[in-house]
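Before anything else, here is the set of structures, which you'll find just below.
Next come two complexes, and both contain subunit A; in the first it sits with subunit B, in the second with subunit C.
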Partner chain A sequence: MEIAVDKRQNCAILKIKGDVDLYSSPQARSQIIALVNNKQFNLLVDFTDVTYMDSSGVATLVEALQLTNKNKGKLRLYKLRQAIRDVFELSRLDKVFDIYEDEQSALHGI
Partner chain B sequence: MPQAIEIKIPSEPKFLKIVRATISHVCETMGFSQEDANNITLAVDEACSNIIKHSYCGASDQLIEVLISIHHDRIEVLLKDFGKKVNVKQIKSRELDDVRPGGLGVHLIKSVMDIVNYENHSEAGNELQLVKYIRKKG
Partner chain C sequence: MNQSVTQEQLIIPANFQYLPAVRNFIARIAAKYRFTKSELNALTISVDEAITNIIKHGYGNILSGSITMNVNVKNDRLVVELIDQGKSFDPNQVGDPNIPHYVQVRKKGGLGIFIIRKFMDDIQYFTADHENTLRLIKLRNNVSLYSPIVPINSLFKRLKEKFQFLTRKATSISLKETGTFL
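Moving on, here comes the complex of A and B:
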């Protein structure tokens, strides 16, 4: 898994590439915590190139959501492929997260 | 007699991808829908992750055995570990309304598989049988 971070407006966009699983999710968690510690409270996650995600990936995003909420920021996810949407739905978290079709709509109003 | 595939991996998270790739490929060759193939792959992956986290307490040098049996109407996956015995009665998923990190693996496994059967009667470790039937189209 690789993560590139772009800054756009008042947001950090995390572009994740590859599988987010028990092996790689600690790396994603570290990067998210580092951004929040640097007072970056609006986070967008681009799922275009995320090929797989398990419950450890979901747990990382739940933690990110709690951190951004606590700091009055936003966490928004976009461009999820169906298999990853299914993981959120099976976890009954699809209504808990703000999920958007694309970057433009995710950036709107943030 | 069903065809069988056996994979043995160390309890190291970076090798879970090998299990996922195998399960996914087997499911596709058996005629599972893409959705079911993805779900079965997720369930087996979650079960392996639980072995690493709970049976082996994060140790990466232990053994996980994955036995895949290919039947005409179903896939059966038997996962074996040789770690700490897990109390079957204590295996449960958390309340989903309680949104917090972690505790989703068992829920995902039970949501997507037709049969989930924990056994730990063997001398060492645990066994988990996962079964999914092929859904007839239409």
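Moving on, here comes the complex of A and C:
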């Protein structure tokens, strides 16, 4: 898994590439915590190149949501492929996360 | 209709580093037997989560364990059996997390089994001769329960199977509560 961070004026976009699983999710977690520690409380996650995500990846995003909420920030996810969207929808986590179709709509209002 | 078409097998050491190999194995079978994307996705994440639990809870600190995975491709269902010799860990005994509460406190554990339950049609677990078998069953999508073109006898059969799963689960819980060993 690879993560590229694109810092904008009011937010940071995490572009994740590859599988987010038990092995790689700690790396994503460290990256998110580092951004929040640097007072970057609005986070967007670009799922375009995320090929797979398991429950450890979901748990990492839940932690990111808690961190951003606690700091009055926002966590937005976009461009989820259907297989990953199914995980969110079946577990009803789609009601908890802000999920967008594309970057433009995810950036709206940030 | 319920005849086994074929069986594929993979044996892996009980180590997290083999999870990508398991996912690749499922992808290869899916291509070979033309699973739908939905079937592939359901099997991949369910098997991944189940193996993670076997390694974490079944084998714990035991590094020499192994897991045998049998995939039975049938006309109307996909059946995956995961066999291990670790500590018994029945996912049916784990309740569903309360999602809003889970998000608030991010309590560890429970989400993987919840995901398996959502993607699979039935989960069976049994232990015999120091060997645990977890059976994950996914009814195939090619005959839709809700499709108007489904013959009435097929529809009735599938409804009956769904009902039997629920009845078996309820009986199992009931007997466990009264201390009867199945």
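Following the convention adopted for this analysis, the second predicted complex is superposed on the first by the 110 of 110 C-alpha atoms of A that agree within 3 Å, B and C clash if a C-alpha of one lies under 4 Å from a C-alpha of the other, contacts with A are read in each partner's own complex, and residues count from 1 in each chain.
We adopt the following convention: contacts are C-beta pairs under 8 Å (C-beta built on N, C-alpha and C of every residue); 3 or more make two chains touch, one makes a residue touch a chain.
Bear in mind the structure is a predicted one, so any value in this text is a computation, not a measurement.
Student: Clash or fit: subunit B and subunit C on subunit A?
Tutor: Once both complexes are aligned on subunit A, subunit B and subunit C clash.
Student: For A:D19, select first, second, both or neither according to whether it touches subunit B, subunit C, the two together, or no partner.
Tutor: After superposition on chain A, A:D19 lies in contact with both partners, subunit B and subunit C.
Student: Which holds for A:V62: it touches subunit B only (first), subunit C only (second), both, or neither?
Tutor: Both partners, subunit B and subunit C.
Student: After superposition on the shared chain, which partner residues are touched by A:A4: those of subunit B (first), subunit C (second), both, or neither?
Tutor: Once the two structures are laid over each other on A, A:A4 reaches no partner at all.
Student: What is the contact status of A:L93 with respect to subunit B (first) and subunit C (second): first, second, both, or neither?
Tutor: In the superposition, A:L93 contacts both subunit B and subunit C.
Student: Per the definitions at the top, what is the overlap between the subunit A residues touching subunit B and those touching subunit C?
Tutor: Residues 19, 21-23, 52, 54-56, 58-59, 62-63, 66, 82-83, 86-87, 90-93, 96, which sit in both footprints.
Student: Can you name the residues of subunit C that touch subunit A in the complex?
Tutor: Residue list for subunit C touching subunit A: 16-17, 19-20, 23, 37-38, 40-41, 44-45, 48-49, 52, 99-100, 102-104, 106, 108, 111-112, 114-115, 118-119.
Student: Tell me, which parts of subunit B touch subunit A in their complex?
Tutor: Spelled out, the residues of subunit B in touch with subunit A are 13-14, 16-17, 20, 34-35, 38-39, 42, 45-46, 49, 52-53, 96, 99-102, 104-105, 107-108, 111-112.
Student: Mind pulling up the subunit A residues that touch subunit C in the complex?
Tutor: Against subunit C, the touching part of subunit A is residues 19, 21-23, 52, 54-56, 58-59, 62-63, 65-66, 82-83, 86-87, 90-93, 95-96.
Student: Using the touch definition from the top, list the residues of subunit A that touch subunit B in their complex.
Tutor: Residues 19, 21-23, 52, 54-56, 58-60, 62-63, 66, 82-83, 86-87, 90-93, 96.
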